[in-house]
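This report refers to the structure that appears directly beneath it.
All chains are identified by letter, namely A, B, C and D, in their written order; residue positions are counted from 1 within each chain.
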Amino acid sequence: MYSFKNDYSEGAHPRILNALIESNLEQVDGYGEDKYTVRAVELLKKLIGLNNIDIHFFAGGTQTNLTAISAFLRPHEAAISANSGHIFVHETGAIEATGHKVISVEVNDGKLNTKHIKDVIDNHTDEHMVKPKLVYISNPTEIGSIYRKDELEQLSSYCRNNNLILFIDGARLGSALSSDENDLQLSDLGRLADAFYIGGTKNGALLGEALVICKESLKRDFRFNMKQRGALLAKGRLMGVQFYELFKDNLYFDIARHANEMAKLLSDNIRIMGFKFLIDSKTNQIFPILPNRIIEKLQEKYSFYVWSKTDDNNSVIRLVTSWATRQDAILAFIQDLKNFND
Amino acid sequence: MYSFKNDYSEGAHPRILNALIESNLEQVDGYGEDKYTVRAVELLKKLIGLNNIDIHFFAGGTQTNLTAISAFLRPHEAAISANSGHIFVHETGAIEATGHKVISVEVNDGKLNTKHIKDVIDNHTDEHMVKPKLVYISNPTEIGSIYRKDELEQLSSYCRNNNLILFIDGARLGSALSSDENDLQLSDLGRLADAFYIGGTKNGALLGEALVICKESLKRDFRFNMKQRGALLAKGRLMGVQFYELFKDNLYFDIARHANEMAKLLSDNIRIMGFKFLIDSKTNQIFPILPNRIIEKLQEKYSFYVWSKTDDNNSVIRLVTSWATRQDAILAFIQDLKNFND
Amino acid sequence: MYSFKNDYSEGAHPRILNALIESNLEQVDGYGEDKYTVRAVELLKKLIGLNNIDIHFFAGGTQTNLTAISAFLRPHEAAISANSGHIFVHETGAIEATGHKVISVEVNDGKLNTKHIKDVIDNHTDEHMVKPKLVYISNPTEIGSIYRKDELEQLSSYCRNNNLILFIDGARLGSALSSDENDLQLSDLGRLADAFYIGGTKNGALLGEALVICKESLKRDFRFNMKQRGALLAKGRLMGVQFYELFKDNLYFDIARHANEMAKLLSDNIRIMGFKFLIDSKTNQIFPILPNRIIEKLQEKYSFYVWSKTDDNNSVIRLVTSWATRQDAILAFIQDLKNFND
Amino acid sequence: MYSFKNDYSEGAHPRILNALIESNLEQVDGYGEDKYTVRAVELLKKLIGLNNIDIHFFAGGTQTNLTAISAFLRPHEAAISANSGHIFVHETGAIEATGHKVISVEVNDGKLNTKHIKDVIDNHTDEHMVKPKLVYISNPTEIGSIYRKDELEQLSSYCRNNNLILFIDGARLGSALSSDENDLQLSDLGRLADAFYIGGTKNGALLGEALVICKESLKRDFRFNMKQRGALLAKGRLMGVQFYELFKDNLYFDIARHANEMAKLLSDNIRIMGFKFLIDSKTNQIFPILPNRIIEKLQEKYSFYVWSKTDDNNSVIRLVTSWATRQDAILAFIQDLKNFND
């Protein structure tokens, strides 16, 4: 049984484990004040091309989102999210649990644009309604689409003109930035977003997300908020060691590209067989539409999520690749699909 | 510069890293539903001697405390803690951030007894005050003292008779249960507490705490609460692998005993030199009272916390040992202290 | 300038003020433990026809909703509301501020049915999503529609079978229960809802809402929750005196019927002139669609809300009547509308 | 049975009721945007002597405290209070329910000074602890003591120098400012506090507290926070009418002085009989220490709180007077006490 269920089925990239072993017995300070963390922060600042940013590490994406968003907002302020946004759908109300409404916008491709945001602003007219204040987007989105540079520039410009905070969930940022259709770089995110995070868990790390806070007014006392949400790890070194290893020589992007290539190999071959897709994703998640009878056969040999029904006989499935996906597994899957389709 | 600052200065016990490497490329389900986690849970249940308990893993202690306590309490219910309790002092108001007051009781030895709790209950008389509902104790306490079995039995009995929840913070539980003066076993905790956690981060794990929920009514929907607080790790395997390794053949207690022995070696020798202690701790944290001039000299070669001032010339310092503490470092410290004291 | 803006433009019904004056100098206990409150509670229990219910008084509707809903739910549990529901739209995220998501359902007539709820339940499948637990409906709805008895019975039955809490916001309950098309009585609400409130502020009281808790498990410690949310009034007598006066001889329903009749007089005459309505409301809020040029003229003599645009030339306006609405004002409005329409 | 239990045993001062009656049928806007509220705000600004302040009305003190404090603080920031402070003891954890710790300071006279605050600041050293940010004091305190102008000036100066918010709970502010020993005026509060409230409920109003926000940075979007906490009353006129009446010709202070005089009459006579007091209060709450056998006899004719035990035979009782307290009731009480004491 091979799994295309997600990009966190395996442990960590072997180089990550090696880096942990090598640094293991050195004594360092706790809570992210160690030299490894300092070094990783310096490296990331250099890659982003900004010095006046703050970088903090978290154990997971939901924790990052809830800590950042609750630290950035006053009680009556709300986040705006696509209706497919992770904070709106799949974090068990984590943002609401910190007291903030998430205003959702109905979209088909997982992406927000300035029109969506303007509509929300226009509909929130007085103190009987929450005040929309933070725009939450994911890149790539939860269904594999990505933002182009011009789209992000428009969002950023709109947010700055309207005193809104632009926050980017980058749980799978490596896959977005390594996608064939991507024209964004880390430095663009630093320039356009008020805060964003670089996901490690889904791209080779044991666990870890790097939150980058660009906007000056959002930085103050942030570590208090981390500690309060249980996000300050005693062995903060764990984060520093991993992120340095991931970024010191491009490992992060190399393995993200591998994941994308594996996904492309899958989708190209599935398309050739004549199947449609829910969305044309160039990242490591693809959403082919297959007959249920074929899905059932595939499930005997592969594990993956059935995403949604399209009609009585067909369903969308989600196939996810990762840094660890083996090409032979892809080829076997394609062969099986061909056989089942005959 | 050798550090006695805390028990999380090094990475993980080498066997932990080995176990992570060995299991690394196996594909498993996420969010704690993998076979390694299942195996660790089964093992812990066996060691605790109870089958009808739920076990959940967390990345850190504050996260464990805030998730559990907020899941267990209704909005108007409060926790009772010693004034030295971690949730009262050192978690940046994490419990309050979930909406609950922490009622503190002034104690000298870090420990709560039934008299303390009864006084709190008696003083909370009506709906204009919070309702004390959960008794939070740490074993060992934040200043190294431990609970004897009869003390815990009294607390447990009092809590059950008064419809209170008894919750034990076991961030350093290994040190308590391996202490010379300890007469408690894991099975006693399972029998006497309504919930407790077994700390991994401070005893050999990279990170990880195992929360054990014993009381039936506290179990329901607990994973929802974990997800909402950002505590459900995508690569939950990380917890299962570590805790299985720690407990499969007593590694957890062996290394805790090492830490205690190193602390005893330190404290015995410091006592011989005629110095007093803030408290007579038999765990891996000791609190000698030293002249400031000696402390200053020690600080040139060792790192540790200055805990508090006793008078203008003397202060309490905290020395912490761990699974990784080397005996030669202890001996060197003792020799230096002797030299500085001459 | 006559106002049809809302049903709280005037003070209180004169009989309410008289009752306050008569009882004014008597010394009674505070916080709702006075004899007036006890008497009002007894009376309401009798009218609802249930003895095993708890009744608590609040100063306003948002306060009632947020206190009740946060007291009823565990942290990961959510409320389901129509997209027009007051808690979803017009309470500045008050429910979210207590930590709970409000899941909205797109409806046109302001009303939820079992199909809506089933869809929500079916879409919330695991611990990565909130757990829908409370069904929030308003009767009348925010756009003036009301629930028929069979509809409420179906909702109630569905909720009980699925372990959901049925909560009815009755900010304008008098208007609903006095509507021509109504077939519900207070006793039906007591039988079918788990909790509901009887709005006083919008039907003759100075201020005040009576929350009725029917379901046993929701009653415990409720006054703690009230105090914690700032809802326990020192001079609780103020509530008891008013509600007794409102219900001792049917004043509440008499004045609600007056409001409905005034609304009917308005809507009948507006309909005769050929105008359409957003919805066919039989309660004290009506939503005619008028040409913008007429609206502008009306605004010179009357105050009311422009609810929404229907096209470039026409808009929906909201006209609200109350216990205090004078028939001559209605007739004048109709005459003016006729004149402006010629 | 005459009650000295509290200062909210009666309804409202007759002039308040008259003012409500006179304005009752006038149509005005809701939610505090009516002309009565505007007029009351203008009047209070004039009396405080400041134009650049914001004034908002609430239904009760707990609601005022929780709305203001949660609006003023970021999540990790805490309030400092005397251990007798209302928010610490008697609001059912209302502040904690909004996410903020209340740090208590042990005092005997109910009052905080700069030394207390400095100690708290000094003990909160890093991000593992909450950040003390708001200083909460009550004037008069919960045990009847009051702040002198120099004390308040020192507090204010300390707070400004240390970037702390000074917040004054004035639930019984009338009594403090009308006390024989008072040297503060409303204008001093406006000058020295960052925010304070003027209590109406306990001094003649049916209900109502006027929150004054002086510090510019605390004003923004405050009405959003009010609405979110359920504090924006539909019939906001109710507040405006009352506060205008209370302040238009000094009624507020006249009736507060009456309450103080009645308390003085009581305490002078009790002192003459040789009884001691818990504290020497010059406000409308006094705390004589009486033999239990006398207390029991008094309880047959008067209602009041037994505050605390002093020893096995004696207890402190609390006697509260108000605008409505009759001198003949005081004299009767004194006579009874004399008789019981013989």
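The rule is simple: a residue touches a chain if its C-beta (ideal position, glycine included) is under 8 Å from a C-beta of that chain, and two chains touch if they have at least 3 such contacts.
The shown structure was predicted, so the numbers you read here are calculated from the model rather than taken from an experiment.
The fewest steps needed to get from chain A to chain C, moving only between touching chains, is 1. Of the two chain pairs examined here, B-D and C-D, it is C-D that is joined by more C-beta pairs in contact. With centres computed as the average of Cα coordinates, no chain lies farther from chain D than A. In this structure chain A contacts its sequence twin chain B using mostly the same residue numbers, the overlap exceeding half. Chain B and chain C have CA centres that are 50 Å apart.
One inter-chain figure worth recording: chain C and chain D are separated by 33 Å, centre to centre, where each centre is the mean of the chain's CA atoms. Here the spacing of chain B and chain D, counted between their Cα centres, is 42 Å. Counting partners per residue, chain A has 75-76, 91-93, 97-99, 127-128, 130, 224, 227-228, 232 as the residues that reach two or more other chains.
Across the complex, chain C meets chain D through its residues 2-3, 5-6, 8-12, 14, 17, 20-21, 23-30, 58-67, 91-94, 97, 201-202, 206-207, 224, 227-235, 237-238, 324.
Note for the complex: chain B touches chain C at residues 31, 70-71, 74-76, 98-99, 127-128, 130-131, 221, 223-228, 232. Chain C makes touch with chain A in their complex at residues 75-76, 78, 89-93, 96-102, 127-130.
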